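Written out below as structure tokens is the structure these notes cover.
Per-chain residue numbering starts at 1, and chain names A, B, C and D are given in the order in which the chains are listed.
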Amino acid sequence: MNKPDIIPEPMPADYATDQEVRWCPGCGDFAVLNQMRKVLASIKAKRENTVFISGIGCASRFPYYLDTYGLHGIHGRAPAIATGLKRMRPELDVWVVTGDGDGLSIGVGHLVHALRRNVNVKILLFNNRVYGLTKGQFSPTSFPGQISRSTPFGSVLEPLNALTTAIAANASFVARAVDTQADTLSEVLHRAAAHKGSVFVEIYQNCHVFNDGVFEYAKDKKTRADHVVELADGQPMVFGANRDKGLRQKGFGLEVVSLGDGVTEGDLVVHDEQAAEPTLAHLLAAMRHPEMPEAIGVLRAVERPTQNELMGKGDAPMKTQEEADRDLETLLKGKDSWVVE
Amino acid sequence: MNDAPSNNTKAMTRVTHKPVAERRAVVVRFCGDSGDGMQVAGAQLTYTSALAGNDIATFPDFPAEIRAPRGTLAGVSGFQIQFAADEVLTPGDEVDALVAMNPAALKTNVSWLKPGATVIVDDDAFDDRGLRHAGYDANPLEDGSLEGFDVLRAPVTSLTKEAVAETGLGRKDAERCRNFFALGLVYWLFGRDMQPTLDSIEAKFGEAEGGAVAAGARKALNAGWSYGETTEALERSYIVPAAKLPPGRYRNLTGNEALVLGLIAAARLSNKTVFYAAYPITPASDILHHLARQRAQGVRTFQAEDEIASVTACIGAAFGGAMAVTGSSGPGIALKAEALGLAVMLELPMIVIDVQRGGPSTGLPTKPEQTDLLLAMFGRSGEAPMPVLAPAGPGDCFDTMIEAWRIATRLMTPVMVLSDAFTANGAEPWRVPELSELERIPVTHPETPPEDGPFKPYSRDEMLARPWAVPGTPGLEHRIGGLEKKDGTGNISYDPANHQHMTDTRARKVENAQALIPDLEVFGPETGDVLVLGWGGTFGACREAVQIARTEGLSVAHAQLRHLNPFPKNMRDILGNYRHVLVPELNSGQLSAVIRARLEVPARSLSKVQGRPFTVHEILTRIRELCAGETTA
Amino acid sequence: MNKPDIIPEPMPADYATDQEVRWCPGCGDFAVLNQMRKVLASIKAKRENTVFISGIGCASRFPYYLDTYGLHGIHGRAPAIATGLKRMRPELDVWVVTGDGDGLSIGVGHLVHALRRNVNVKILLFNNRVYGLTKGQFSPTSFPGQISRSTPFGSVLEPLNALTTAIAANASFVARAVDTQADTLSEVLHRAAAHKGSVFVEIYQNCHVFNDGVFEYAKDKKTRADHVVELADGQPMVFGANRDKGLRQKGFGLEVVSLGDGVTEGDLVVHDEQAAEPTLAHLLAAMRHPEMPEAIGVLRAVERPTQNELMGKGDAPMKTQEEADRDLETLLKGKDSWVVE
Amino acid sequence: MNDAPSNNTKAMTRVTHKPVAERRAVVVRFCGDSGDGMQVAGAQLTYTSALAGNDIATFPDFPAEIRAPRGTLAGVSGFQIQFAADEVLTPGDEVDALVAMNPAALKTNVSWLKPGATVIVDDDAFDDRGLRHAGYDANPLEDGSLEGFDVLRAPVTSLTKEAVAETGLGRKDAERCRNFFALGLVYWLFGRDMQPTLDSIEAKFGEAEGGAVAAGARKALNAGWSYGETTEALERSYIVPAAKLPPGRYRNLTGNEALVLGLIAAARLSNKTVFYAAYPITPASDILHHLARQRAQGVRTFQAEDEIASVTACIGAAFGGAMAVTGSSGPGIALKAEALGLAVMLELPMIVIDVQRGGPSTGLPTKPEQTDLLLAMFGRSGEAPMPVLAPAGPGDCFDTMIEAWRIATRLMTPVMVLSDAFTANGAEPWRVPELSELERIPVTHPETPPEDGPFKPYSRDEMLARPWAVPGTPGLEHRIGGLEKKDGTGNISYDPANHQHMTDTRARKVENAQALIPDLEVFGPETGDVLVLGWGGTFGACREAVQIARTEGLSVAHAQLRHLNPFPKNMRDILGNYRHVLVPELNSGQLSAVIRARLEVPARSLSKVQGRPFTVHEILTRIRELCAGETTA
């Protein structure tokens, strides 16, 4: 602690606290934490101006491990806490860390409204498709068939899609990354840090203890390329270990095609992060393994006025103490007072 | 409107030629359909009465939070005012003059009448349709059921229409002027100056419909006055002399308005910005509405997606160093419980306002009750104490907010304030303070790291408050949360001894508020048969009952408890000085239970849970019983 | 009360209670109530098997006026109440009535999860873009600029779109109707009653007192046809007073075109309620006046297993009392008991 | 496993050749890292001790609801058991034999040791790394800090590896057998039969890894036993004779397991289906987990999106006629407050289970506390009373559920049940009742409309319960909601007198539960110096302390209050018979406050808020002080 306040050439370790990191060995959260520290160092984030806010869950212990300001809140409410803080302290960089239970079950209402308001906070949802901290119940993102402590015979429900939910809430920045895929995660976090407006990032995160391997298709170095499509703005959507597959428009949908045999990159959909309508983003968000490759990277990044810009317009300008006192006296007196002598 | 009645429209001081009798105090009640403008008429009478130098108290009696078909019982809206030549403490138990705009209004309000009261009805509204809507089998104006009252059957609707005919207003708009006719009649009856209302009409309607609306209202008002002057049914008018109020500048404020001013003043006194986050709910919504208009005062309002978001947004804002305030009513306060536990754990300052209404559940949403005291005190999981205050009437809401913020910041704790629908909507004259009369609230944020080691977010000062270090301050980076934490460092700790220590510390810190609050003051003898211990909005009824009882020679005193947690230091001693401690409360005995639990004084509740405030009479009766030794509670 | 239980040829009035209807004169809720009674009569709904559940708000007083079973709940929770009831009593027809504040502000989490679970209840959201019961604050569906009691200087936020929210939650039936437009409202309610799975219907409802006229473009007989497109499954999307305009696909979006000059109905998008992906439904839902015509009718109607079907599979078969007693005894004894003599 | 120890695997009754001493009671505590399988070892020792005829009580002491790096203090998981030849009431204040699998486990558990206790450590784990993780500067096994204890340094890890070598298990799997080695050693020390555990290993691991896991566990167990038999450090083993338990069939149950069985039994007795809606939260989640497995019993579980959805889903299910149950812990119970107000208003039966944990806010999520009593009683807006029960120990959870459902249905009211982490996770032998011993719970639903007019959903029987008419019943269509309603018809009513009547009725109805619950029973003299009045999970410690105090000749009695609202009829009388009423409670004095408020008996709390249960000693000390006249509380 008491590290130098302005870190000339900050190192990831400068953002670490002295608290022992308490996740299970093998937990995907470690990778995200390390990447976060690196990104903070890379963008030279001022520790004093950075705030991490979380709910409750394994993921939500994140703030304890970053030597910035931090608030470990209650289950599901981090976006609302962040909204209040950001409204009053627009100059701070506010990050929210949440889980699939925290953010999409108990907290989905706050999530949706923070995104709709375009509150300028960066929301990272660690999706491990399970309740980690409470030891393994199914979550809103669990797949049918998942055996968990609360579904001993297998879950039956269709999952909620984090990204389409965020897009429907009119989120201005929507992305997906994978805990151990350092390059895209780093890229997405950098982009998130730079975006003006609410950021929503779903991070596929392995819960080693209660849902091990659920994202293996997207993590395994050998198979990954065939199961995910890494998005690049303005680029055609090519994927595959040999970059021999792509996504082509079909009606209002997308289909996987093999390149060659007359199909060229020119036939593929070109990614457009800033499309006027979020249709493409919706389609990309909805692609589900194993039928389709899953989209990794930035699905959508548009500019629209933030809550602070919108509401801030009406904020009173700074006054001197005297002006403020005088204004208060005028207010107290009101318009229809009378004097008793 | 200006400071004093202006005369920028044609002056019309009209003087009656009939005899004038003097009265010390008068209670008037307007009632009619929700659309009849009774609240407007009431507000005008309040204002002109205040300008006439009377002391006043008012009570708007809204219909429940539902729409009702025109003319039905459920749709009746009332407004009661007492104005007097002496100190006024309540809107009055009984009504001297009732204005009933339709049969439904008469039916639901007849029970308020004092024997011999004047009843002014709009005779035109007592047609078959109106009577049927109100569920009258026979016309009450004709079946003798109003015997004993002085009934004036004024054809209000037709005379209003006549009066406004030349303004060119349509039928509907013309009928909307009926309340001004009735108001004019009342002005005649109590010798009120019409000028302030004429000014107010101008200011409010001004150019609407090319000035026709203002003209209609003006004409109706005058027509009402003239009707009073000419009708043979009224033999005399009345005059209520000015009261002797302490000198100063006054204005008339509802509790919610006073509360808003108090918040803004508290922010100013502490050099802070108000962040008010709330979700609409009756009867707290007006706080949000009033504050939303005060952007120029630096106020920021946030209508959140629900009550949980509003209180958690406050937690975020408080962490950021703002003056965070949230307000709601019972159901919403219940929803905030979990987050308030976090606020207690985080030891951040915050004000939580509960404008109590009838419960449980949706209950009686527009009606006053004091049934959330135990919720405020104990409605959180774990041991999560917080100070609880209750303003003793509309004007006191102002001071209570300042006090709440002083306690919250001095002790680093959320503070709960219990208002109620009666206090929130009731109005009384309020002496406008000079800013210099108000004590500043010193709030500091540490700005530099300690020399001797890491910053300790849970270090404590002599009052056990922790430092309020805010994000943006280099070197004070720290993390807080809802898990138990080691005192000092604030690091998570499961140490049993530390948990006991922190539990005790949080409790002692709240107890320390005793050092910040005044002693309980007694009105009346220092010892005696009965101490009437009121709390919150029951102030007026308690005080008036005790005043009357004392004129009857009874040995009774009154104290109004504004500090429900912790109790004032001297409370146990004071309570011990009386044979009986009587706690009138609009619940089933919540405060008396806390007193028995904490002070082991056998306090007894005078309990009422009817969605209505106490009448003076109810309290007086109980005082008399107790003094007479009938202790049957 | 005590009307005959089986109504041979039921009339709308048979579904009315003796309680006075308490909405402001001119409120759009009346029209919906009348239509609902007609539809119940038309489908010969059994009063005893029909349940209306609501939250809090003007709209939420609906259950009091229908002589069926009813539960007037608390603010925002009606979908959850209905979920519990329906889980235990699958044979009942359960309707939920909610408002834009009730359903999309405090209650949006429950709404989203009820739809995701495909609970077989019919949710009607009366959208008047304002808080009626609490006397006129802005709501999550209010438009920027709306002056309300809590936004005296005009609301600044972008609204939440009820339908895209529902679609992102994977609702199996999504529709929109207008309070006073009897034909589509009736059609939509009939379809709703018949659908197996969760139903979400947004009803544009005029709040005469606090937001009068906000849907005038969709209500006014003269202008309506130019501002709304009435959907018909399998039909091209034509609209306009002279049926001379239509919607054509443009990339991943829709554009308005005039028919004629080489543009024919054949160029227009054909409505498909059952499209595999909800892209078209999203696009239709997102169309906003005045830039685009707004979609009225059924946007989406697909079949997928309901919560009860999914969960009900594991429900125990009916047992005789003796069987049940015996099973309980076995359970109590457990697998590792011992006897003390 | 079967009813009795089976012998389908090769019988191996091994007999010690060393001397055997007799003990009446022994407390053993296993502790190690979360991954070390201490709970498994504890459960096995519990089971074999039960089969040996001992009376037992257990207490698993989980690490907090967080992950911790291996070998650190925060990751230590413990399991304590007391087995005895006499009645056992608690898991024991102090430990006779501690098994510590690593330095962190030793460090966090050394404070539990009885002077002279046996301490078995895995010597292999006390290497530099292990010591550093635990924050030891020096090896406690060598620096003399364990003087006064009988320390056995067993090379558990290496011997285990050796023993399982031939099974072909990998290093990790081999190390996972260390707990069985330790268990074998303990079995030797207390002369336990190994067969049941061998059977259990078979049943649990069976074919895993081609039988290698089972083989490893078996071999480790045997190796542990042999080590005990051969090591010179152990001179003798101990035998605890069988206790005299009332005859019958027994099984060992945790509180949460008993509660689940109780719910299913209550459903059966009332011919209902359990609908359990909950949101996961420690320490209540196990209720959901256990019930989810009981589909064959007709149970339907619903993991809702949050606590509010779970309780409101219960309201829907209850309206539909189901046995609706929801459960949570403090933070979740706080969230349910608003909806519980609705349930009170709707007068629908329902059970709400609060498995209390350390608070406030997230607090100490795995630790026991009794700090939600006032929340349960008063944590709703308005006057919203409901019955509150608290089981007196794990087994009593079964009966409490049945009783709660009886009250809920008889009175048409939600009922709150306060368990706690100690009761929920602790286990004790439970006598399995015959179904015929359990009284049926008669529940009826009206099926036909009344002859004489419309159906009245708020008509009342002699207990003030309203009829439970369910949707689907022709002619009984009705609508209910959270607004105040007219008694009888249930129509919305704002009538003041009706609101008072309904408020009183809801209160009186809850009071009527007095007629359904037994009188408070006293253990010990009918009058005396001290009555120890426990509630909930403190039963064992209170009873044992009183037993000891009585053997010391002190004038003290014990009563355990299972009915917190309403109190049993005879409670005031009983409390009046003692000079002092001492209320040991794991909070800051909540029950004693309610007693002072309601009964005006000057009850005093023995308060402890440390996330730990009471020790017998703590209560005993206070009893002695009070009897000696030192009333310094």
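Observations, loosely collected:
Keep in mind that, in the parts below, a contact is a pair of C-beta atoms (placed from the backbone, for glycine too) under 8 Å apart; a residue touches a chain by one contact, two chains touch by 3 or more.
Please read these numbers as outputs of a predicted model, since none were measured by experiment.
Contacts with subunit C and subunit D are shared by A, B. Centre to centre, using the average C-alpha position, subunit B and subunit D are separated by 47 Å. For the pair subunit B and subunit C, the distance between C-alpha centroids works out to 39 Å.
Taking each chain's centre as the mean of its C-alpha atoms, subunit A lies 44 Å from subunit B. Residue positions 56, 72, 74, 105-106, 108-109, 113, 140, 153, 311, 314 of subunit C each touch two or more of the other chains.
Multi-chain contact residues of subunit D, defined as those touching 2 or more other chains: 66, 74, 295, 305-306, 331, 338, 341-342, 361-362, 481-483, 492.
Because contacts link each chain to all the remaining chains, their graph is best described as complete. The touching residues of subunit D, counted against subunit B in their complex, run 64, 66, 74, 329-335, 337-338, 341-342, 344-345, 358-365, 367, 369, 371-372, 374-375, 377-384, 481-484, 492, 494, 496-497, 499-500, 503-504, 506-507, 587-588, 593-594, 596-598, 600, 602, 608-612.
Every residue of subunit D that touches subunit A in the complex is listed here, in rising order: 65-70, 72, 74, 279-282, 285, 288-289, 292-293, 295, 301, 303, 305-307, 331, 361-362.
Subunit A meets subunit B in the complex at residues 1-2, 5-6, 17, 19, 46-49, 51-53, 56, 63-64, 67-74, 77, 80-89, 91-92, 109-110, 113, 311, 314-316, 319, 321, 324-325, 327-329, 331-341.
Taken together, the subunit A residues at the contact with subunit D in this complex read 20-25, 27, 56, 58, 61, 72, 74-76, 101, 105-106, 108, 131, 133-135, 137-138, 140, 149-153. Remark: subunit D residues 1-4, 47, 50-51, 53, 245-252, 261, 264-265, 268, 271, 273, 275, 277, 294-300, 302, 304-306, 308-310, 312-322, 324, 338-339, 341-342, 346, 432-435, 449, 453-455, 470-483, 491-492 touch subunit C in the complex.
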